[in-house]
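Order of writing sets the chain letters: A, B, C and D. Residues in each chain are counted from 1.
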Amino acid sequence: MQHASWTVGILLALLAGLILYAIFTARRGKRLFIRRIPGLNAIDEAVGRAAEMGRPMLFATGLSGLDINGLQALAVAGHVARVAARYATRLILCVADPQLYAIGEETVRDAYQRAGRPELFVPEDVRFLSDQQFAFATAASGVMFREKVSSNFFFGYYYAEALILSEAGQSIGAMQVAGTPATTQLPFFVVSCDYTIMGEEYYATTAYLTREPTLLGSVVGQDWGKIIILLLIVFSTLALSVAPNANWVKYWVNLFPAG
Amino acid sequence: MGNIDRRILYLIALLVMTLPLFLKLPLPIADNKRSLDAFDAIEKVDQSKGNQVILLSVNFSPDTKGESLPQARAMVVHMLQRSKKFIIYTMSSTGVAGQQMVDDEAKAIAAELTKQGKPRAYGKDWANMGYKPASSPILEGMARNVPGFFTKDSRGTPVDQLPVMDNIKTADDIGMVIDVSPTASYELWIQALTSKFDIPLLLAPTSVMVPDTYPYLISGQAQGELRGVLGAAEYESLLVKNKMADQSSVGTRVMTSMAALNAYIMILIILGNVTYFRSLRKGEVTK
Amino acid sequence: MTNISPEQFTLIQLWFAGICTLAIYSLLYKENPVYRIFEYMFLGLGSAYGFSFLYKDVMIPKLWDPLTQGQWWWFIPFLFGLLYFTVYSGKFSWMARTLIGTLMGLAAGYQFTQVVNQYFPQIRDSFRPLTPAAVEAVRAANDVVTTQPAWQEAANNLVFFITLIAVMTYFFFSFEHRNKAVVKTAQLGRWLLMISFGTMFGSTITARAALAISRIIFIVYDWIGHYTGWKM
Amino acid sequence: MKEFFATPRHGWELTGFITACAVIFFLILFVIHLTPSSFKKRMTIVLTFVAGLYYLLEFLIPAETHIGSRVVTNPLTSFKEPLSTALMITGSLALLLGVYNLFRINGRLLMRRKTGWQNGLAFFIGFFSMLTMAMLNFYFPTGRTPEEIAKLKPLAQTFANGADQWKGWYNVLFYGGFSALGATVFSLLAFYIVSAAYRAFRVRSPEAVMLLAAAMIMMLGLTPLGTYFLTGWIQPDSALAGLKMESIAEWILTILNGAAQRALIFGIAVGLIATSLRIWLSLERGQFFDVEM
């Protein structure tokens, strides 16, 4: 679809509007409930573990480029870097996209600064490895082996390199937390990592970590958005089952874009 | 808790995958509808009027040779046996290596057939048209002027000197498209050529890509499919049944090797669970 | 300089590929110095390949060629690109940050259109009739010819519908899962999710095996076979 | 205005325009540099918003709008192509930054003779050999006729005559090295999947049972283990055909797996919208780098 049809425009506006509404309600101080996601507590645990063992941690962003998934991965990296700075633990960030690398450099530097430990920031610990998939996977595994990392974080969009990295981490006994919206790689993270943040939980990660009202509101807004989609599907399925030949049902179904 | 060293697991896995390639175990292959459909579709291509050439689109690089080459090979055997003319084309620069392999296979098979008194020759029965980048508009252009698109083969012979290309002018003279590929290149064929001109399309994707192709098979936009190397093995057994080959070959052996790995993994899973339950009874497991 | 014949090149390539393959497989036994050398060489080869690709496919055809043909305006994005190099300097790094901010905005805006194109069609595809009569009516309306009985498709659609709802319920964040129906649905959703993961895991094994078998074929039949005459 | 920006310039004029571009560009940067950091910050927020707005508006405005009898085409669409080219040019400079980072890390490894300096050397050998051959192969392609070569400058002729050699070495490095290494690393997955399955598929919970059962069915359905030995006796067109192992596997794959995937995808779609919104409107306070400029 080159340009939006009006139904698509309305649906997009509705979803965005709900999310923004939730964000601004949260900002005005309304307390919002969100349930626990087990994998997220594990992030702090993993940093603590590295501090205890006095060994570095690795954070890989997979093959994410400069897009929303890549940026979200860096937002998580920023949080991990801040905790790492507090415990004076080394964090090595491995990136496969040169533009994302530039942002990662800034993000981590900033995190150390904000934690009040700018002297702990080592520019060499933010690494651009390669934009070629398996060269990246090999090099990032190499970092794990040589630096003897104690914890691994895999956040971002992943392809087949997911299992290569997580098995390399397994073989050196690292604690591993993964989070990805890449549905094809989730099974492999689930079986080889200690905790996996799945699908849409990935976009809620920063909200849990920072407890910022804006982000919490956004998570609640996401739920409302999903309810809209769910209601659409339930309503249309029932309508199609009860009155498949009714003109209004045909009209209604045709309002939505087909693949 | 009774964990086997991973190195032993790896070593056995290596043996499990290698031995079947040597032993040539006759693993029985069940018939599958998709391979049967593909087989029948090739049988049905009617070249009696001198046109209806089969376009074999080969887009694999050496990385997926284990799956893609047996697929291509099985169909090449079929086409040469039945004397169906075909041209090999690749739309990706990394596909050139795969294309060369298929061409070499065709040469070997043709030599074998010639020895058996069924003369087959390059240029007459098949041709290698080399690499030309493709996009929807480019392929639409090809549909209007096939010789204008290919101009010459990979050896530099102009199209008008290749008997296989006689009477081939437009998309109407293409009898079928076969896409052997580890990527979604078939989408391009569907968009630009096969659906528009009602040309049968056969798919030969790698195992990972198989689920992605379901929608096109259900909707009838593709007529048949060789599902990864399993499809190649099925096709080979069809060739044997139809007396076009003495015994199943590469695909079946690769398939055996794959099945062996699957069996090995299943045994390991059972073994892992047995040790797990034993240790559970002893109360060793905490988590 | 003596010229190397194509046959010699084939041999060099064969041996190089063979040694590379063995070096990487040595990792399965243990991480070792030889593996490490090849790991770094791979990184070098990969980076140079990426770089030359960019040079051949972007810098020359998109920037240099148009510039020399007088299209001076392509110089402007080049100037913007230079701002990346200020990241390492504290004083001027605002320039890189401004550039990055703009690019982030573009990425966000582009993402909206992507979501619509990639995911919205799946909403419509999830509208599926649940009764055999309705299935037949929808088939007739869309000229679908199939041998599958209508009741079968209706049953499949029902399973699809329930799975979809259950898994979506599992992912709700902002409800405490107290209501018994919600708890049960979410539990079912989690199980179905695991089935889905198992499915993908199981169906990938054959594909991954194919990759390893390709390498084994290379070593045994292409490399060793080159000298022993083994053929597949 | 449009004419000014779309007319190609030649000769001295071209040099002048390019120089002017650079001068104006750096002047603007210099002026902004003098402003307080709060201004720069606000400017970044505005730029982020405007940049995102472009794609959104371009998408939302229909291709053609009928106002009375006049047909107005979407004014933003024509910028889409040039913008994506411009972004490619800008982005390609970031790779230089990445290569600089690689050189710095590996150079240090090599220069300081730290343990593993051989690795640094291996990196540079890999990098420069590939770069050299790729460039030679690019500028001196194979298949040129002797007449074409004769037209070149003497030095270029020497290189052009070696075209087959460059191509040969490039193939050695690309297919023998890069491609073989990549394929081998990829194939490690076959082994890793074995160890992962052995370790992870213990039936500790109902969920693990589901995972295991589904994986087993797929393994059987995709190989003769299931299709021949288990259910091979069922004829493809019999009433029981639905119970064939491959049919069961396909049913799980398309129906159960398809629906679960889709549920994941809807969540991801909404999550993407939410995250895009936060980034676009600069609501991600404190997520990236917005403290001291």
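Here is the rule we use: a contact is a pair of C-beta atoms (placed from the backbone, for glycine too) under 8 Å apart; a residue touches a chain by one contact, two chains touch by 3 or more.
For clarity, every value in this text was computed on a predicted model and none was experimentally measured.
Undergrad: Considering B-C alongside A-D, which chain pair is linked by more C-beta pairs in contact?
TA: A-D
Undergrad: By CA centroids, point me to the most central chain in this structure.
TA: Most central by this criterion: C.
Undergrad: Which chain has its C-alpha centroid at the greatest distance from the C-alpha centroid of subunit A?
TA: The chain lying farthest from subunit A is B.
Undergrad: Can you check how far apart subunit A and subunit B are, centre to centre, with Cα atoms defining each centre and the answer in Å?
TA: Roughly 37 Å separates the two chain centres.
Undergrad: Round to the nearest whole Å and give the separation of the Cα centres of subunit A and subunit D.
TA: Computed value for the inter-centroid distance: 18 Å.
Undergrad: So how far apart, in whole Å, are subunit B and subunit C when each is placed at the average of its C-alpha atoms?
TA: The computed centroid separation for subunit B versus subunit C comes out at 22 Å.
Undergrad: Can you compute the centre-to-centre distance for subunit B and subunit D, using the mean CA position of each chain? Integer Å is fine.
TA: Taking the mean C-alpha position of each chain, the two centres sit 28 Å apart.
Undergrad: Multi-chain contacts in subunit D: which residues touch at least two other chains?
TA: Only 59, 91, 94-99, 102, 116, 175, 178-183, 185-186, 188-191, 193, 195, 197, 199, 201, 211-212, 216, 219, 222-223, 253, 261, 264-268, 272-273, 276-277, 279, 289 qualify.
Undergrad: Taking each residue of subunit C in turn, which ones touch at least two of the other chains?
TA: Within subunit C, the residues that touch at least two other chains are 24, 28, 36, 39-40, 42-43, 45-47, 49-50, 84, 87, 93, 97, 103-104, 107-108, 110-112, 115-116, 120, 122-123, 126, 161, 164-165, 168, 171, 193, 197-198, 200-201, 203-206, 209, 211-215, 218.
Undergrad: Please set out, as single numbers or ranges, the residues of subunit B touching at least two other chains.
TA: 6, 10, 13-14, 17, 62-63, 207, 211, 230, 258, 261-262, 265
Undergrad: Between the chains shown, work out who touches whom and classify the graph as line, ring, star, complete or other.
TA: Basically it's none of the tidy shapes, so other.
Undergrad: Once the touch criterion is applied, which pairs of chains come out as touching?
TA: Pairwise, the chains that meet the contact rule are A-C, A-D, B-C, B-D, C-D.
Undergrad: Going by the contact rule set out above, which residues of subunit A touch subunit C in the complex?
TA: 1, 4, 8, 11-12, 32-35, 37, 66-68, 71, 99, 102-103, 105-106, 123, 129-132, 134-136, 138-139, 142, 145-146, 184, 186-188, 190-191, 198-201, 204, 219-220, 222-223, 226, 229-230, 232-234, 236-238, 240-242, 244-245, 250, 253, 256-259
Undergrad: In their complex, what parts of subunit C are in touch with subunit B?
TA: So the residues of subunit C touching subunit B come out as 28-30, 146, 203-207, 209-218, 220, 232.
Undergrad: Using the touch rule from the top, collect the residues of subunit D that touch subunit B in their complex.
TA: So the residues of subunit D touching subunit B come out as 175, 179-180, 182-183, 186, 190-191, 193-195, 197-199, 201-204, 212, 216, 219-220, 222-225, 227-228, 232, 236, 246, 250, 253-254.
Undergrad: Applying the document's contact rule, which stretches of subunit D touch subunit A when the two form their complex?
TA: Counting only subunit D, the residues touching subunit A are 58-63, 74, 77, 91, 94-99, 101-102, 104-105, 108, 116, 178, 181-182, 185-186, 188-189, 192-193, 195-197, 199-201, 211, 261, 264-268, 270-279, 283-289, 291-292.
Undergrad: Can you list the residues on subunit C that touch subunit A in the complex?
TA: 24, 31, 36, 39-40, 42-43, 45-47, 49-50, 84, 87-88, 93, 96-97, 100, 103-104, 107-108, 110-112, 115-117, 120-131, 133-134, 137-138, 141, 161, 164-165, 168, 171-177, 193, 197-198, 200-201, 204
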